[in-house]
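Structures follow.
You will see two complexes here that share subunit A, one where it goes with subunit B and one where it goes with subunit C.
Up next, the complex of A and B:
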């Protein structure tokens, strides 16, 4: 799954635990035995990863379906 | 899937059979495609179609007497399509194209005789790279000149001879076929005797007569003969077949091998003529020179022949724009795939399994059975897309959980002769009326009536999961045995199908065969308006029930009318087979196409039908709305969403146990203290995404304890996620001072992302190659 930094919109959100702003950091995401590394808005300290709605229902859903039909 | 299973299915669907005009044409010209192109004035393309199967088309088509005409299916309505006229027109208004020979192959053939079969044979072999030497005694043009005037335009013969020359055919006019000449010809490796040339005598070549009528082989190897006593087009076909025999002979293959369909034959293609209106043929001023307009009008008379009987009646079949034979093949190919994209997966699991196609098809091709078989194999080989049925199966598990499902004998009895089995959906859609129906049954049936509430397990069967289906059936049987084996009264026709296939030894009756024998409930009242009776697809093969509900409507005094596709031909509401669960858009399409069958409101006797049709905006009632009216305007009562259904299922249990069995209400669940508020638009969005209130509550309960994950200082909102199962839910909310969570949005995904709390699956396990497909039945 490719996600260009510009597509992911997580403006305004901060880490609720430590208050840090989110940064685009590599994250390993996985489904159906396949895994990918993509840049996602994350808290560097706490490790939380934010998945915005348009990513969840757009690209991510697309890839999920693809992997399910493999 | 066994290949035989596919073959048997394919053999039933006739859609790929040629139309009669083609199967009965000696050259098997694709007349339907040709006529369709002529009807839209695409003459150049039409000519290409002709040239594809007709040797020397620029001449041959003028010589055709129209063998197909009497077989054209339109002749059963008025008069067969005049294909010779269309072919003339096509040739008159287009130009001939140069045939493209294959590179010279070094093979040669000798041809004796200048008849049309010889010319066509030379044409066919020339295209295949042969060098053909043709010997004739008469001048070829002179022989054609003996035909009635204007049979073909002057240029045609010249063009035909030019084409042959371009195909490296050489002509040699001989004085006669002397014994010397014959001896030298007989020395050729390949010789064809065109007996449609009167100068040729087979006896002089040592033959008793023509060769085999299909292959034109003579008893002498390499010697082929025929073509006499035929129409020009039959002679052309003979020449073409002889060319095929020669190619086989030189390849060392028996000329008779793989010749199926080369002779004329009656087609198996089914074509329904009931909607074909008469259309008088045009009357050309000069039949030998039809105008373009006359040709267009004649071409428009082609039906065109096609089966698609099932496709025209099923929104699923028409949605994918093809027909069962093709689908069967595609499904088979997907099932056979070892790697790569399984293209037909979603299509296989989107069929409603309603069985209409099998009834409509004169050969009984049932796409539904085929899809179910394919699903079983997908599940078995772990190729079922995991998310497709998950939601429906979780819903089923919920209905069968200890929180919801129950059996109770009628109060005051240990064992009951019968037990009412309303199915999972009736109580969760019409809880109060289902309760009244139960009481009514206990008042009118002897021997005690228990209440048995759970899902029969049909969703597991529809999803192709055989183990899960069997496990569910076993769970049901256990409770039934503990209850002393009462006869079950089934309200839902889909339950009835399920019992028949999975629990055939449990005695069952349909509610609908019992009700007409009982007095009407006191409150029962008909509507003033007439209603269209919608039969559920699960009852297609139950004429007894179909009759019984009509009796019941009659007893109620409810005026009803029949739908054009009703009874055994009824159409599905889109719920069947989990079609709408897997493919909501298509499910709605199926429901809409049913809804459009009438302007009237529908009277249903399956609650899923009622709710699915109502969900696409159709006025629809269930019989219980007439038998036990609730005082609302039932025809427009919104179909309950998923969360509401689950809530009502719980409430049904609570109320029934409390009111009828005097049991204390169940303990509150941990999620009950969470209070949520959201506006209708958000609620609707969640419904579409199949996010349950309980899913939201789980996220909020967790976030409440552990703190949310993300905070937006500008809006004051929190965003939190949790992965309670194989889905991660996100909720955007603001906690209010009074403890209520105001939910602004929620969404979900299935991919695993680091940092997501929940019991779903730890990231490490997934990265180590855990296959979630193995995790479920």
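Up next, the complex of A and C:
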């Protein structure tokens, strides 16, 4: 597993749309009938969410493999 | 032409032509144009051999209807390395299997037969294994390891299955598993379980060597079934093998060979036994019997023992006490759609099976649309996966199949390093891997049912002499007169 929840940081990231700093905020992620509430770097103003590469290629990919069809 | 198991009188007036394909004469195995024809709720593969006359083999019966069992699939030909194992084609499909450039799917599983000896003498052996005997010669581990490396070079990242004969007879099996574990993402053992039952140390040694799971031949919960299919009562031995694997933390998939009238009415009992032993037992993998190898004479002129894919699905659902429903089943995205079905569940603490995919909607896209199971085309567009930023669902069918069976059939060992920081993804992964239970079915083809379109889409290969990959059904294909295509 590449990414652990504790490793996700919002510091240093800014929203490309409005320039606001990202903050760790709750995000609802839905995939193939399952939903997950996790904290991710988000823009409080625009609502844009950053999914770090390690998370996408780590836990999210593992979840995808469990849910998707053969 | 007689009307043996699974066949009906040729071309009755009610036959409805569906489409053309190619098949083989069931006797001389020559390639022939063929017709897919419907008669009521049954579908047949019909062809005419100039030498042996007309023949019609049953390929589908009942619900889900033939017309609706579809799965969009992109061709994903084997790598150039695998294709190069055939220098040229001269006999035509499937006589040149290597695979050739006409094959449309990459390998997801490769069988490696490390011995021809077996400690059972099953009347239904498709491999025509030799009886185990004192002083039987085994190839040395060094040569077999070299072949493992050749398989890796030819096939890439596949599930490596040790097979035979009975592979546990090889004294160096743990050493070979350790070697394979360093080469392949998953290592599977296909076993009758006799030595796993007799030697608890063997299961422990295999687990320590990195074996991912055991495909345990498990035909039923009654000894009369084993007497019929295997020639002797074996239930106690199978249960002992299961106990030893469980104690060694070695996952097991129960693999029944199904024959109508012999054990198809025991499917519900096999399911309940498997569920009672979960998560050590990770699922059932049903294999309706085909005729090839040694089982030819025991079926020809005998009873109809055939079960088609939909009949098998209906049978297990009907016997499941409401746990399984036909709509839980999906066609595969790796092998040809008519080769298998799979149902993936979460087994709840109260013993219910909850489908692990949203069966309320269609995950497969309409033609021309993008769906959640659309096969990736990032590479085709000239961009790498990293460049497109796509991670989800852009893996080819064979790669997805390898990943999926690795998640579903291997031991549930997900444990986040820091339990204080478990998030919703961690919780889902841990729960799903501990509770997942799969019911899958693989309908192999034989000389009566072989459709070359299906064969070209095959992703299960046998590593064959000399140094080539042959689709499983082609490798085991025998004509009704006993002649063999590749063995």
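Simple rule for what comes next: the second predicted complex is superposed on the first by the 60 of 70 C-alpha atoms of A that agree within 3 Å, B and C clash if a C-alpha of one lies under 4 Å from a C-alpha of the other, contacts with A are read in each partner's own complex, and residues count from 1 in each chain.
Everything that follows uses one rule, which is that a contact is a pair of C-beta atoms (placed from the backbone, for glycine too) under 8 Å apart; a residue touches a chain by one contact, two chains touch by 3 or more.
Remember, predicted model here, so these are calculated numbers, not experimental data.
Superposition note: with subunit A as the common reference, subunit B and subunit C are in steric clash. With both structures placed on the common chain, the touch criterion links A:68 to subunit B and to subunit C.
When the two structures are aligned on the shared chain, A:21 is found in touch with neither subunit B nor subunit C.
Applying the stated contact rule after C-alpha superposition, one finds that A:59 touches subunit C and leaves subunit B untouched.
Looking at the shared chain after the overlay, A:37 reaches subunit C, while subunit B stays out of its contact range. More residues of subunit A lie in touch with B than with the remaining chain of the pair subunit B and subunit C. Of all the stretches 260-268, 440-448 or 710-718 given for subunit B, the clashing one with respect to subunit C is 260-268. On subunit A, the patch touched by subunit B and the patch touched by subunit C overlap at residues 31-33, 56-57, 60-61, 63-66, 68-70. Residues 12-17, 19, 22, 27-33, 35, 40, 42-43, 46-51, 53, 56-57, 60-61, 63-66, 68-70 of subunit A are the ones touching subunit B in the complex. Contacts from subunit C toward subunit A in the complex involve residues 330, 332-334, 342, 356-358, 360-361, 363-364, 372-373, 391-393, 397, 400-401, 403-405, 407, 414, 416-418, 420-426, 428-429, 432-433, 436.
Contacts from subunit A toward subunit C in the complex involve residues 1, 4-6, 31-34, 36-39, 56-57, 59-70. Put simply, subunit B touches subunit A in their complex at residues 340-343, 345-346, 385-388, 707-715, 718-721, 728, 730, 745, 747-756, 763, 766-767, 769-773.
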